[in-house]
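Two complexes, one shared chain (chain A), two partners (chain B, chain C).
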Partner chain A sequence: MLTLRKWLCGTVLSVSACSVNAATELTMYYPVAVGGPLTEVVDGMIEKFEGQHPDISVNAIYAGNYNDARIKALAALKGGEPVQTSVLFSIDMLELKDMGVIRPFDDFVKTPEDKAWLNSFYPALMENGQSEQKTWGVPFQRSTIVMYYNKDAFRAAGLDPEKPPTTWQALRKTAAKLVKKNSAAEVERWGLMIPSTGYPYWMFGALTKQNGERLMSADGTQVNFNSPGTVEALQFWLDLSNKDQVMPKGTIEWGTLRQNFLEQKTAMMWHSTGNLTAVLKNATFDVGVAQLPGNIEQGSPTGGGNFYLFRNGSEQEQQAAFELIKFMTSPEQSAQWSKTTGYVGVSSAAYDTESLIDYTKKVPQALVARDQLEHATAELATYQAGRVRKMLDDAIQSALIGQQPPKAALDSAQAQAERVLRKHRS
Partner chain B sequence: MSINSAKGSAASIKWFSASNTLAAWVLALLWISPLLYMLWASLHTGSAAITFDLSEPISLDNFQQAWQMAPFTRYLINTFASVSILLIAQLLVCTLAGYALARVKFTGRNVVFVLILLQLMVMPEILISENYQFIAQLGAVDSYLGIALPYIASAFGIFLLRQTFKQMPQELHDAARIEGLGPLAILVKVYVPLAKPTYLAYALVSVSYHWNNFLWPLVITNTEASRPVTVGLALFGSPETGVDWGVLSAGTLIAIAPLLAIFLIFQRQFMQSFMTAGIK
Partner chain C sequence: MRNFLFTSPWRRQPWVFAWLCLLPALTLLGAFTYLPVINSIFSSFFSSTGSGSTLYTGFDNVHYLADDPVFIKALTNNAWYALFTVPTSVILALTMALWVNQKLKGRSFLRLGFFLPTLLPMVAAANVWLFFYEPNIGLLNRFLSVFGINGYNWLGDPDTSLGALMMLTIWKEAGFFMIFYLAALQSLPSDLIEAARLESPSRWYRFRKVVMPLLAPTTLFVLINALINAFKLVDHLFILTKGGPNNASTLLLYYIYETAFSYLDQPYAATQTLFLLAVLALVSALQFALSRNKVHYQ
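Presenting the complex of A and B:
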């Protein structure tokens, strides 16, 4: 259809007739990283945008998970198909910038209103979107790690359900009290589960931040995998199962953890705030949500997807894509997206909207992730992000399953990452 | 002594066949257990899906929910159409190519054959970007043709048919020529009927591979008009937050049901053709 219209415009109809009548047509890819019929929610938001901008029409195309979406977007860009904007993994920024396929938002931000818009986002959410004093990605579906806990289990164990642990020491003690064993001394309910498949580097980013360390430099050319503080953080993770025995040994599946928590196989879990709506909906017990405990300081990495502007299409189309992104990240839309998913609202203005004020009155748990943002840090993002991430993931897992002691595992990850990153330092 | 050894060998044969049967059962159970688990999970609600309590009530809620989450009828039609188009084109191309490589003498035949074999060693995923560019130039993005095109000249199919055609007695070929048949007529009347088992075996491999293919169709399609069922199914997997096993299982069952049905109906033919074609 599109090609037919282009062909008609190019050959049959006069140029002026085309440019007057044709609406600007945008294509946007988006990944769905949380379950449920979210494609409908996105479609609804797009419809609203088109209502406000009758001259712009948007094809919002569902593109799999973050990885699939990146592959699809890059293939389309190389193949010359129109795609002006996409929601992609926030930590893909350096790679996309390196390839020269994205444009900085600074090219479009001109009016004072635009500047106010760009400054409205929570600073922690911008860390993974800025490089070389420019903004390449703006937050859309962003998360932090929070601690979900079973308040009923707290009560049964004689703990105050309104006082979840805030330090590592308190976490160990609380978790130990929450472990429930049957008459045969087998564990029926664990105290805590921290998932170690899927995104182990993400959980580790929280533990290291809590221990006062950052996993990488702001420019993404240096990693800090084996400093004493980082090794200590991995040792703490390992000790929770080996020494304190409040967490199952070995690795813990990311994909089934939510179900395990709902099944009361564990009294506490660390998981993405993107889970919140689904957990609250399916839990048969009283659910508490807390910020992660700290050791030296509190902390969690941010996560999730950002909007990018591609170098693709005419200037007019790119301008229209910029309008679309402004709309999708506006307080009302952000509030709506936060309510249906559990993702963090991207600006403080989102939390001032009536709908989110009403919602958080009913569901105060939804405020935890936002409040935690002041302790948040960037998610692990370096050049050659995929490879470097895998090196750290492998090191963490090999330590957790007892193949290597934490120090040796992290030393080797550091050495491997050094080899890859060396050529990106100028 | 001789009687004893005869007894002994009879016993060992018995023991051997018994252990064979046992091994077959173990393998069969291993193979079918994920399917059985999926069936179990799809019939139970979230929490019951992972507990194995036989007293839990059975319900079809998951199927209803899954069916409503995605336009499965459309997706299944798309899958069926693109897989059929692909298979027909593959059979046509591979038959002609296999025949030429097996029976037509031309210079550079071996070079061509080696080049085709090289294709077997390239992972199709590596070519996604190049393939996409080409399909985009043809204007076939988001169409059945776009899904099928990169896979039509299947190296595996050409190789398989060449080997099959090569094994056929030259005498048949010569006899047909004496009867006055041209090269194409010989192919259609002599070679193709004799290679039936190979065709069946290849069709099964091709259909099951492309029925389950995910990444390429996701990349090359944009709308419900052409998206296959595997892409629709991906809506249920939710990497960031975990998975609702019941609904996911129900959706998967819907997606693979036609394939399973075909396999069960043609089971005997498939088995026979696999044995005669020698793909193990």
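Presenting the complex of A and C:
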């Protein structure tokens, strides 16, 4: 619709007819990481914004996954194309800041209302967006990891479906009871699956937080990959398959895990909240959603995309982009977005809106991610984030497939990351 | 128009006309092939500092190439990958072509069946195979469980993940190359084949001494394409293994992509690209040279 109107403005209609409602033109890129007709939802939100701000016209471009969106936005900036704002990976913040392509929101937040807006977000969602006392990214499509479980399987195993495990020890015991074997002693249903391809570092961020550790310093120049607590967390992950035998050995594929859960090949899985709507829709059994269990404390990293403001375009355009971001993260829009996707509402005010109150009455599982936010921590984000993430990913996988013991794997990842990060410390 | 193009002013200086004809192709090749190559050479001498600026580092990136364990792993993986997928898919393609070239019932369905994998985009095919290989719900393991083999984690085991990728590649490529062989087989001069039949009763002998040499230009074409594909087709890695577990199935081009777009280290990616380019150029040159005495065009 948007592009059609733009095209009409540009080619068919007279200039005067359009110039009125296109005094300021914005371009934004956004990614869609989970399936579904989400581009329509974004277009709908943009249209509403344009209705409220007739002087601003927004060109919202769907740009693939997070990696693609970053590539396209950076290429546009390099090529001198206008792009005033984009939704990109929250963990790209340090690198974007380092490249000098983003502006802090503090440049625009002046009125008391703006300050209230900036303070309205859940603190856990701001961790990946702040650096040097400034805010560079505000939360939009954000998630955490939750535990999905099969309530029917719980009942069949004589477990209380309303009491999912809340500690590591309970998780081990519960998972062991949920393993179902056939007459030939082959496993028909596993107790638990934690995916270890795609984003192993993300799942590991949950396990380490639960063991009282943080994977990196707040400024992103130090990593903590091989402290005793971190090594213990990886050992625990490994033990689930090797010692307790409640999880298959080797790596577990991120992309097929949901299907495994839906086909009851595992009674519990750890996965993004972004899957909630799809899981609830396709499950043939009673689905429970719980916060992740803890050892020393509870915990999950946050994930997903933030809004950024680029150093691009006139002051007037940037101000318009700021207005757009305020609108997109307002309680009503956030509630709408959360309902259609499963992403977390970004502020407590979003959960006070009528539409989300009604929705969570029907689907109480949608509240788990929000309740878990108080235990949430930042997702692994450092300078040279892609490379450092990969070092940790490789270490985790090499331990899970038995190439190296956890300690040796994490020691090597720590040493490699040290070498890369050293030059970013001042 | 015709008169303008083919008469007087051009006649006197034919090179102008020739260059004009070459211009469109040269522009495209220059803009999208040779300029990027030169640009890669240039940028491989710099290092990315993250802040957008670059730093001259001379041959540091080249030295790092030799020290980078992931690059070495990608290189050896790719060598095995080529060594296995190229001959297998070519032999398979030829076998299938010979088979569906005969007069048999349902021949067009067979041909279509063999060609079908080629019609699927690689990413779509990889998504299908992702579920095919799945240890718990996958078709392959369901089939194997009949024989008492259970829960094998094909993509999650470093010993099998690269092999699993190879199988997909062969399945995808063989049908495509079959088409070339089939076309070549159908255009073989029938008098030669008839004459050979009179000379020798052995089918195998006729195949070796008559059919194969006549197919040589096709074989050369298919071999070069298969080899280049072994280095440049990595779409399935994004879906199936992402190079894992622990780089067990990573390939050169995939690693280059990761370096350039995930690590944002374009200079180092440029160095790797040049290395890949050199390898491919060398191998193609070798193939052309070796085949000079074996391949005859009519």
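By definition in this document, the second predicted complex is superposed on the first by the 404 of 426 C-alpha atoms of A that agree within 3 Å, B and C clash if a C-alpha of one lies under 4 Å from a C-alpha of the other, contacts with A are read in each partner's own complex, and residues count from 1 in each chain.
Everything that follows uses one rule, which is that a residue touches a chain if its C-beta (ideal position, glycine included) is under 8 Å from a C-beta of that chain, and two chains touch if they have at least 3 such contacts.
The shown structure was predicted, so the numbers you read here are calculated from the model rather than taken from an experiment.
*Asks:* Aligned on chain A, chain B and chain C: do they clash or fit?
*Replies:* clash
*Asks:* Between chain B (first) and chain C (second), which, if any, makes contact with A:Thr256: first, second, both or neither?
*Replies:* Both: A:Thr256 reaches chain B and chain C.
*Asks:* Which of the two partners, first being chain B and second being chain C, lies in contact with A:Ala63: first, second, both, or neither?
*Replies:* Only chain B; A:Ala63 stays clear of chain C.
*Asks:* Considering only the touch criterion stated at the top, classify A:Val32 as touching first (chain B), second (chain C), both, or neither.
*Replies:* After superposition on chain A, A:Val32 lies in contact with chain B alone.
*Asks:* Which partner chains sit in contact with A:Ala283 here, chain B, chain C, both or neither? Use first/second/both/neither.
*Replies:* neither
*Asks:* Does the superposition put A:Ala75 against chain B (first), chain C (second), both, or neither?
*Replies:* In the superposition, A:Ala75 touches chain B alone.
*Asks:* Regarding the shared-chain residue A:Gly198, is it in contact with chain B (first), chain C (second), both, or neither?
*Replies:* Both partners, chain B and chain C.
*Asks:* Scan A:Ser272 for contacts with chain B and chain C and give back first, second, both or neither.
*Replies:* The answer is first: A:Ser272 touches chain B but not chain C.
*Asks:* Given the touch rule stated above, what does A:Gln403 touch, chain B (first), chain C (second), both, or neither?
*Replies:* In the superposed model, A:Gln403 contacts chain C only, not chain B.
*Asks:* So, A:Gln384: does it touch chain B (first), chain C (second), both, or neither?
*Replies:* second
*Asks:* Looking at 4-12, 22-30 or 76-84, which bit of chain C clashes with chain B?
*Replies:* 22-30
*Asks:* Which parts of chain A are in contact with chain B and also with chain C?
*Replies:* Looking at chain A, the two contact sets intersect at 71, 198, 255-256, 259, 263.
*Asks:* So in the complex, the part of chain A that touches chain C is made up of which residues?
*Replies:* 67, 70-71, 95, 98-101, 186-187, 190, 196-198, 248-253, 255-256, 259-260, 263, 265-266, 383-384, 386-387, 390, 393-394, 397-398, 400-401, 403, 424
*Asks:* For the complex, which residues does chain B have touching chain A?
*Replies:* On the chain B side, the touching residues are 46-47, 50-51, 69, 128-129, 132-133, 135-137, 139, 141, 215, 218-219, 222-223, 231, 234-245.
*Asks:* Quick check on the complex: what are the chain C residues that touch chain A?
*Replies:* Checking each residue of chain C against chain A gives 50-52, 130-131, 134-137, 145, 150-151, 153, 155-158, 239, 241-242, 244-248, 258, 261-265.
*Asks:* For the complex, which residues does chain A have touching chain B?
*Replies:* These residues of chain A touch chain B: 3, 27, 32-37, 39, 59, 61-66, 68, 71-72, 74-76, 78-81, 143, 198, 254-259, 262-263, 271-272, 274-275, 278, 282, 303-304.
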